[in-house]
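One chain, chain A, links the two complexes that follow: it is found with chain B in the first and with chain C in the second.
Presenting the complex of A and B:
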């Protein structure tokens, strides 16, 4: 190979460069986030797994039902009625956006625009 | 070279003609091939048009509306301010110091601004000196809804024209379409200009249009609109279902001479004024 003296170090530098994220973090994906759960509420509108994977779809469904279809029916859990509302239901139990929503969103580097308009609880 | 250019122009000319004629022919063929579809849609349109011409009020379902007694606003000038404040507090409406940024859902305006089609020469004293509340008319045939490309503005099942702020892209077509100027645009981030935040209702963000929503969030749970509530016992504003012949609004409409804003435009406003 011609110029192998230049090409091979060049390739090595290139590979090292594009793998910066891996070796910079020592091959460790960082600690899994630990969102703080509400202390006094035992059950959510869905199971923890379903909420973890599908809370965004659920919020969209609620939005469409309430706003577009005018269906403001409530959800009953343990005999208590809840509205289909991020501000008035979710954030009633999850009183801290920072300790709950943000922990995972920051970890996954997603920036939902909910809070551009919806009001987060005062912390 | 010359010859070639000539040939080219000829071919181009002929193909343009063929193209123009061709589309017409294709259109004919398509129309001929599916006459049922074409007829059905035109028939539906025709039916809709005559329906509008004959009976502006839809006979089925709800159609919320309001009757404003302008005389009561004249007798008690504090009512206008009360209604405005109630709406601002209920909906987190920002109050900008500069007029050009203003966001308004309901406000008091001069009679001639509210009813520009009425004769304005030699007004009587009360008309001259008093103001009239204006807000979205929740038109039965709302041009803002037709103009909105994202369906962010839509008419809900109760005949209320509301906005899904999530969908608004801020194109402001609706503002151009509304013949009453009842919509405002958030040129700036409204959050820092909200005096008292109501936790029951979201705010808006920069680049979104907003307007009176007939308090959809309140009437949806059986409450009265905030401005109606603020007028209290005075009954200066009465809210109800225009399609229900036994509703209070219908009773008032039966007993009083009322006018709508710019009726000649055919938007069929659901807000009526006793002047």
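Presenting the complex of A and C:
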């Protein structure tokens, strides 16, 4: 083997670099997020499954309709009327941003820009 | 055929994953066993290839130069094109690795009536090449949010920067667009340019299709087929993999497994393909050697260990035979001490 003085350190740096997640976590997988669900409300505007995959799209739609098109009409699901509003509808039941929104968003490093305009509840 | 077969291979890989995970219990196989195997193949294969290359001797000093070499004091040296010491070589390598400098010099030859041959600068390959490579780097850094808990600042910073346009929800990543654009150009070039098309082989098309497959499944999963793509379950699996306690806590959509399986195929394929230029670029002797063959003697490591053999030594070795054959010698045979040998024999 030639130039082992340069190649072996280079290779070691490469392997250490590729395996950074192993050294960084050092065997501790951390805790999976457990968002706190509202105690008194039983149903949401969509099923839990659809909310999990599509809540951000729903909120974007509501924002566009309300703010850009000026359509503040309500939506009716199972005979119950809901306002298209993050603060008045979502946060009505999910009162805590920290215990609900942030648990998952922090874990997956998702930074929604809801709170650029909305004022987060004081907690 | 050259592109039909690699394309079919990538489609087959996707189908294997999509159908495979429908079998109960196979989620663990596709989510845990295959990724570990692929990573082991990647790291083991990468080191093997580097060692294999490091064992090859470089018999001559062969830097490619395209500028004025080091000469007399009043002749200006082109330090990047003809480096003559380590720091100049490092600068040259740095620009090569980070800015793809030799692609920047790419030219296109055209023959006009006359006949007249012209060379014109052609920077498209450089542009889309660098676009693809840096996009891919950002994509890999972004994915580290799945493997690290808590997420380091650099990773979330890159992610915020990448989704800065705030288009749609989940926000569009700029690198998703540029990565696919880069790949499509690199593929289109092989189809449209007759010279490149002629020299393109199946193993040129396969990595392109594979990377396009990885990007497509990833984009589909984030923006379009979101059902059951539970990001937290995926992160639990990913963090579990790097902490050696993998768990699959929820039902994850088949498209995630297709994405993962293609990435595993890429990792396993990497060390045994042209993609090894990632390690190889550091080991190209035409780039990493200094143009100093008139200052430093380059010894060919192939050279056998030959001791000097003078004529006097040669004659000492063959004197008897030379005298026997009547060849003139400079020094005669020593007189035979016959008496002594007789005494000893007695």
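Here, the second predicted complex is superposed on the first by the 109 of 123 C-alpha atoms of A that agree within 3 Å, B and C clash if a C-alpha of one lies under 4 Å from a C-alpha of the other, contacts with A are read in each partner's own complex, and residues count from 1 in each chain.
We take it that contacts are C-beta pairs under 8 Å (C-beta built on N, C-alpha and C of every residue); 3 or more make two chains touch, one makes a residue touch a chain.
Everything quoted here is computed from the prediction, not taken from an experiment.
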**OP:** Check the residue A:22 against both partner chains and state whether it touches chain B (first), chain C (second), both, or neither.
**Re:** second
**OP:** Check the residue A:14 against both partner chains and state whether it touches chain B (first), chain C (second), both, or neither.
**Re:** second
Original post:
For chain A, which side has the bigger count of touched residues, chain B or chain C?
Top reply: C
Original post:
If you lay the two complexes on top of each other, which residues of chain A touch chain B in one and chain C in the other?
Top reply: 113
Original post:
Which residues, counting only chain A, touch chain C once they are in their complex?
Top reply: 1-4, 7, 10-11, 14-15, 18-22, 24-30, 32-33, 49, 52-54, 56-57, 59-60, 104, 106-113
Original post:
Considering the complex alone, what residue numbers of chain B touch chain A?
Top reply: 154, 156-158, 162, 164-166, 197, 199-200, 202-205, 216, 220-221
Original post:
chain A touches which residues of chain C in the complex?
Top reply: 42-43, 46-47, 50-51, 54-58, 144-152, 155-156, 159-160, 166, 168-170, 226-232, 235-236, 239-240, 242-245, 249, 279, 282-283, 301
Original post:
Taking the complex as given, what residues does chain A use to touch chain B?
Top reply: 63, 66-70, 72, 87-88, 113, 116-119
